[in-house]
Amino acid sequence: MGGIARYDVGRGHRTGAPEVILAEGKSTDHLLTLVRGLARRGHGALISRPTASQRRALEAAAGRGLPVQPLADGRLYRLSGPISGGPRRGRVALLTAGTADIPVAEEAAGVLESAGVEVLRGFDVGVAGIHRLQRMLRTVEGRRPSVYLVFAGREGALPTVVAGLVRAPVVGVPTSVGYGRGGQGAAALGAMLQSCAPLAVVNIDAAVPAALFALQLLAASGPRAPRPSRPRGSAFS
Amino acid sequence: MGGIARYDVGRGHRTGAPEVILAEGKSTDHLLTLVRGLARRGHGALISRPTASQRRALEAAAGRGLPVQPLADGRLYRLSGPISGGPRRGRVALLTAGTADIPVAEEAAGVLESAGVEVLRGFDVGVAGIHRLQRMLRTVEGRRPSVYLVFAGREGALPTVVAGLVRAPVVGVPTSVGYGRGGQGAAALGAMLQSCAPLAVVNIDAAVPAALFALQLLAASGPRAPRPSRPRGSAFS
Amino acid sequence: MGGIARYDVGRGHRTGAPEVILAEGKSTDHLLTLVRGLARRGHGALISRPTASQRRALEAAAGRGLPVQPLADGRLYRLSGPISGGPRRGRVALLTAGTADIPVAEEAAGVLESAGVEVLRGFDVGVAGIHRLQRMLRTVEGRRPSVYLVFAGREGALPTVVAGLVRAPVVGVPTSVGYGRGGQGAAALGAMLQSCAPLAVVNIDAAVPAALFALQLLAASGPRAPRPSRPRGSAFS
Amino acid sequence: MGGIARYDVGRGHRTGAPEVILAEGKSTDHLLTLVRGLARRGHGALISRPTASQRRALEAAAGRGLPVQPLADGRLYRLSGPISGGPRRGRVALLTAGTADIPVAEEAAGVLESAGVEVLRGFDVGVAGIHRLQRMLRTVEGRRPSVYLVFAGREGALPTVVAGLVRAPVVGVPTSVGYGRGGQGAAALGAMLQSCAPLAVVNIDAAVPAALFALQLLAASGPRAPRPSRPRGSAFS
Amino acid sequence: MGGIARYDVGRGHRTGAPEVILAEGKSTDHLLTLVRGLARRGHGALISRPTASQRRALEAAAGRGLPVQPLADGRLYRLSGPISGGPRRGRVALLTAGTADIPVAEEAAGVLESAGVEVLRGFDVGVAGIHRLQRMLRTVEGRRPSVYLVFAGREGALPTVVAGLVRAPVVGVPTSVGYGRGGQGAAALGAMLQSCAPLAVVNIDAAVPAALFALQLLAASGPRAPRPSRPRGSAFS
Amino acid sequence: MGGIARYDVGRGHRTGAPEVILAEGKSTDHLLTLVRGLARRGHGALISRPTASQRRALEAAAGRGLPVQPLADGRLYRLSGPISGGPRRGRVALLTAGTADIPVAEEAAGVLESAGVEVLRGFDVGVAGIHRLQRMLRTVEGRRPSVYLVFAGREGALPTVVAGLVRAPVVGVPTSVGYGRGGQGAAALGAMLQSCAPLAVVNIDAAVPAALFALQLLAASGPRAPRPSRPRGSAFS
Amino acid sequence: MGGIARYDVGRGHRTGAPEVILAEGKSTDHLLTLVRGLARRGHGALISRPTASQRRALEAAAGRGLPVQPLADGRLYRLSGPISGGPRRGRVALLTAGTADIPVAEEAAGVLESAGVEVLRGFDVGVAGIHRLQRMLRTVEGRRPSVYLVFAGREGALPTVVAGLVRAPVVGVPTSVGYGRGGQGAAALGAMLQSCAPLAVVNIDAAVPAALFALQLLAASGPRAPRPSRPRGSAFS
Amino acid sequence: MGGIARYDVGRGHRTGAPEVILAEGKSTDHLLTLVRGLARRGHGALISRPTASQRRALEAAAGRGLPVQPLADGRLYRLSGPISGGPRRGRVALLTAGTADIPVAEEAAGVLESAGVEVLRGFDVGVAGIHRLQRMLRTVEGRRPSVYLVFAGREGALPTVVAGLVRAPVVGVPTSVGYGRGGQGAAALGAMLQSCAPLAVVNIDAAVPAALFALQLLAASGPRAPRPSRPRGSAFS
């Protein structure tokens, strides 16, 4: 019962999801211990939402040889090495309502591209200018994405409008954009949960969960991989 | 200091707004006393949001000669007689996102039409079917409304989309439609307050305040009436 | 600009989703007008969340020949006739944490089975008895569902535990079960949005949106239908 | 599908609103890219709510020739060049309940004056000293403003009192003033939404949306411009 | 440790407050047991907020000789017999913003008049018609009340305006009047807590606590009674 | 995968807790199916929070021979037969702040007494009369309860005061008593979570969870029973 | 209509309250302008809740001759000169539940002592140690305060307990003490509003409003001053 | 009535709880005065949640001889000397769902180990990898802890799952981990309050109250100490 973390080497096998470490909230020491442990075992991983001081520590560790590098303008780090599930087929469309949503969308793009998925970007296509959106969607639909991740803050209407126009499933990702009541993504989350179109939703700024969900959806839509072998000592398999 | 209500005969003169009595929350006795008092003085008025038992009492009083009659399927009653401000010029467009918003919109229509304003109705034009909306707006814009009142529950996106497409000012009216978190109009109100388009907003189901605001806007956009005479004993005029 | 509803015959074509009418919130007259209109055109549809009085009206209309019949113990009605998208391939697993979640899950089952999808039921497998869950999942995983819809009220932990054990994407559906603070599904929704596993979420009791999302996911994972033709006469400009 | 923003050159034409870029929430790089792009095209614009570091970047860019200059004590920047809609006729009255509301009101004044509108200022006229307010309103009403924007934090009562005394429409703008429960504008927003006078409301500190709404109202009250031509190449279908 | 309630005969002596039993929330059996016990001991009391079925039970018990009678239109009952503190000197002014607030104010009046206090009523003097309020206050101030209890729902502005005009302390009583967001008194409570005038506040509809507070204030402002003797046999240690 | 519920016969063994079925939220059919299934197997159980119609159904079933009988004035039903864990030693003190909290406390008493635990009742000892509380506690402490369950609505201060005076652990149970803001137990829950004394807390009205927690605490404080045998097919044992 | 603030010289006369300027939220420039304006006119005032930078500016201005000096450890500043209402008679008791509440209480003490009122301090007497409180109150009651201001964060129970033990009116002042849910004074405010004793309440940390309310209460309880003369140009007198 | 704090030397005797000073919220001066006063009397104590500047002050005072030293990485300080209750028997299990919860758990460990209790640590065993948890619990259960304190942020499911698997009572401690809606522990707290297993709960990050509750539980489960003698000179009456 020592140590700070128990590596769940079975989970990737069970669920096919890449390992992602949420940095925010962890002490920097704990974070580095986790990452170094994975590196020693030769595992790859993604590190999401590092704080400013965690980023400095990761950069310093990289300077001392830890194979980590920033993605998405530093909102995400990649630890080199294989990640679970292997490369996926399929395309994922990422749309944003505004310019302020782009960094969140790029965080999802970092996860998806790390897993070998092609990303279609359509940024700054909010509902106050509906013609731009329609032009954009015509182009994106032509590329036949398997799923749309639609990022919006403020009033969060874009995923609803998109879901009324396309065939693929749409996941709404509210972003922490907007001030006053309902700001910081609260109104956007509420609007997506109330959508009159069939959306699924993730939490505010939850780009990584949205991307992992998209990866599972891609896995589900392709030919199924052989069933994972029995985890050691598990009741389940 | 007796009696239950002090008639503010000056307010209609000062603000040009018709007298509207909010029935909900008042005891039925107090409501009837108020209405009868106005009737005795020869004033007209509107009575909004009567409860079921208040409606029964109004109907009974009507049977005994009180000159009230239902509008908007009974969500509003009209006490005969002149109401402040006189007939207005101009048109007001009322749009609803769904069928469930129609009774709220009709409440606004009752107020506007009682004041002699022409109402343009465009119902059930929600954002999940953006093409219907665009066709509708093309027709409505041709009639040049001075203001749009746009009613929406659920995710409340319609006023934002409309405000990106039309020239006249848009007032969003959230309606108590939708279930679960953000239901009963809460998400719609939040979304309208967070709109990336320049909306003004009223409270959930506040059809009457929205209509009164529209009347003032029509008054402001037409030639100004002569300034009201000085209320008795007032510092203001 | 008359009438109460604009039939969006293009939307089913565009998105492949069956027509579902949310009854709750609409006046019974408006609801029947909508359903009769679709029946006259030979469209099929689903009617969700009818109130008690709307159910009585639907039953009465059925007695007079309207081809509607209850599903899911009356939480859903089916208007006979073709619905958009045609039969789907694939299986959807519906799991519930408790007995009280079953009626919500059956609402989703009604939508899915109306669209020809096979439903795998695993009910009353909450996390306070983790062994039951593991036995159940072993069986369900053997049938290779394309997506799990996991229904839970109270603390809403089941979707998180399931998503740590299976490969297919998991959509959490909070149910309005539980009393006190966080009751009526609020805590369950919060927990699902905060999940440390990659869930997507819908609103409280939003069985129908979850089922429609699953249908789109099934469509995305199968061979794509040809792109819909241009809606007639569309576009504002 | 590259780039970070799609210029919606049609929107100004469609709605008659000047282009305003909300700086807050955007990365400084994205903000400067947007502003420089408009400058290259010869468009004017307003930039609202810049953060401290964005202001430093704008000042630095101004030093290198970008034609931007601060308004309203730096809460707003003006990019030189024509803005949509052209000069308006009419006057807008800006009232504040307290001294702390003045910076928010000046943000609205910056937008209005940039559009050529005359602004009538009546600051620090809160309801705890009702006589000051009445004296002030007597003066302002004499100038016949087309609309009042009334700014108040704390208990937010001023717009209600004003709307009971004037003829022009009143828009309430809650400000983020006040501490404890209901502080930061929450109580003020709630009070304005609950007003017993016919107010329309915008979000907390939403000076720019209020000003844009006022501009549309002025446009609506003047002679209508010819209808905008069809946006180029628009429409999805 | 039997029985359902421990009579705190010392409290009235200690604090000088009359005994008031909050009926709401108690089982009807428990309520009647409490009231009968006081009656047997010859104590008087007030019974506040009885539910409909509790009122029927009280009326039935009155028919069988229990000396209770309704006040304030049945929102309050008086059990005959002496109540603590004896008759007070002084006057209390009760103002209401609207007609719907009157029943709540009358509940306070019932408590005050039961304690022998003179009540000055000024009803329906809301802030949207500020002139009526000023006329009313001129009259009331002439009677020199020791404290104002000011009742208001909706935006709850009246206590703030009154506190800016009078010398006596003002206690705001929000009432459960108003619909939509901030309705049922929530906005009124928020506004009173945020008041820019020095108000004290009680909970929504808390007419009885407000009246009891006023009684203590009257006691504090008159000559002090001799200090209560030591409660019998008290204290844990 | 048929049926509506999976009996977790292992859980009682694992945790030593009696089976309690939360009736509220379940359909009456599902509830009766569950109870009859347990009865057929010879298991005893408790049924908590039945609705009025569920109570009627249970009474009818009892009339047809199902061995269920009401406890705690019908807020709880007991299905005859052995319940897990067997009789416990020890005493539990139940204190309530007011008379309105008694029905909730009796629900806990029903669970505890069903498990053979002695209950010490001290009702109506709220903090506004601190002397009564001190007298009561002197008596109760003399009986040496192993744990206090302290029930309070309104301001919820009683558990804090008790925890400053006694040696045994104190569990606060907020009750849904009180009106206005913070009513229905919300303020009481907040106060208990913020207590400056070391309380543990359960949800509003959660008498049954509190009682089950007390049972586990009694089990923990007595000699430990032999460890449960391995559940079938489980990874855990 | 220039300038930033309209001095309401009549209000002090009307209400007998000293002038207090809320610094927080005002720009430092506006604050200094206000204070200097009062100084020029020879008015005294209090300045509450200055921010760190406002305090530096006040200290600097004091160094240049502005007659301001800090009270209550800098949470309050006093501008020399007469303040409205003149010296009061009477005593006010200030009690705090904990040490962390003392700075807030001292803010109230600063206002009261500036107005010549005697302050009785009883600090750190929270309800978890009820005996300390009882000893303290015995002493304080012997001094016969006219009103108690009782400061408490966390669970906010102290005002309720005090109000059950003393004769004078009790005003609860929640303080922003406590972490987690209900922290920062929210639970304390809720508990005070729900108190089963007759409290009046002010907002979180609202020491100044509480003190001003106490001053009015003292004025009401002493011999009434002659009625203020008619404010210039006012409708009221 | 001078001084800032009244030492309640009786409380430790009454309740058996060690003295813990909550540093957060107190001024650093007040904190040091309290600690030095205890040191002078030879009392030991714990100091919880010091801010950064309070930690610097404590370290400086330690350098000048105050016998304080940090525990739990500085989230807790120990003042040397005896603390109430003496050493306890028994073991407490501390489990955390993630790495980010460890610092909160170590705060509880510091309190428990200061009181001589053995702590069993099982960290990073969240519900998304249920197999790890089951392995861990098998080991921990073998050591027979008297109570589990289970720390979890995010969706807060771990205490529920644990309580379904172990015999000892489980106290859930939500931690301020997680972003977006329900972040900072809000969802975890809600989920624990809604748990379908019999949990007791403390506030977010309330490691110290949880540890103190566990100490009382250990005391209750061992042989009872003789009842404390009457506090000296206590009681108000």
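List of remarks:
Order of writing sets the labels: A, B, C, D, E, F, G and H. Residues in every chain begin at 1.
We adopt the following convention: a residue touches a chain if its C-beta (ideal position, glycine included) is under 8 Å from a C-beta of that chain, and two chains touch if they have at least 3 such contacts.
None of the values given here were measured: they were computed from a predicted structure.
Touching subunit E and subunit H together: F, G. The angle needed to superpose subunit A on subunit H by their Cα atoms is 90 degrees, rounded to the nearest 5. Taking each chain's centre as the mean of its C-alpha atoms, the one that lies farthest from the centre of subunit B is H. Placing every chain at the mean of its C-alpha atoms, the farthest one from subunit A is found to be E. With D-G and D-E as the two chain pairs, more C-beta contacts join D-E. The geometric centre of subunit B is 57 Å away from that of subunit H, both derived from CA atoms.
Averaged C-alpha coordinates give centres for subunit F and subunit H that are 25 Å from one another. Averaged Cα coordinates give subunit A a centre that lies 51 Å from the centre of subunit G.
Residues of subunit E found to touch two or more other chains are 11, 22, 128-129, 131, 134, 153, 163-165, 178, 180-183, 186, 189, 193-197, 203, 206, 231, 234-237. Those residues of subunit E lying in contact with subunit F across their complex are 1-6, 8, 10-11, 22, 24-27, 30-31, 34, 49, 174, 176, 185-186, 189, 203-206, 231, 233-237. Interface of subunit B with subunit A (complex): residues 97-98, 126-130, 134, 153-157, 160-161, 163-165, 178, 180-183, 186-188, 190-197. Interface residues of subunit C facing subunit A in the complex, by the touch rule stated above, are 11, 14-17, 22, 131, 134, 137-138, 141, 144, 146-147, 163-171, 189, 193-203, 206, 208-210, 212-213, 215-217, 219-222, 224-225, 227-228, 235-237. By the touch criterion stated above, subunit F contacts subunit E in their complex at residues 98-100, 102-103, 120-125, 128-129, 131-140, 153, 165, 177-183.
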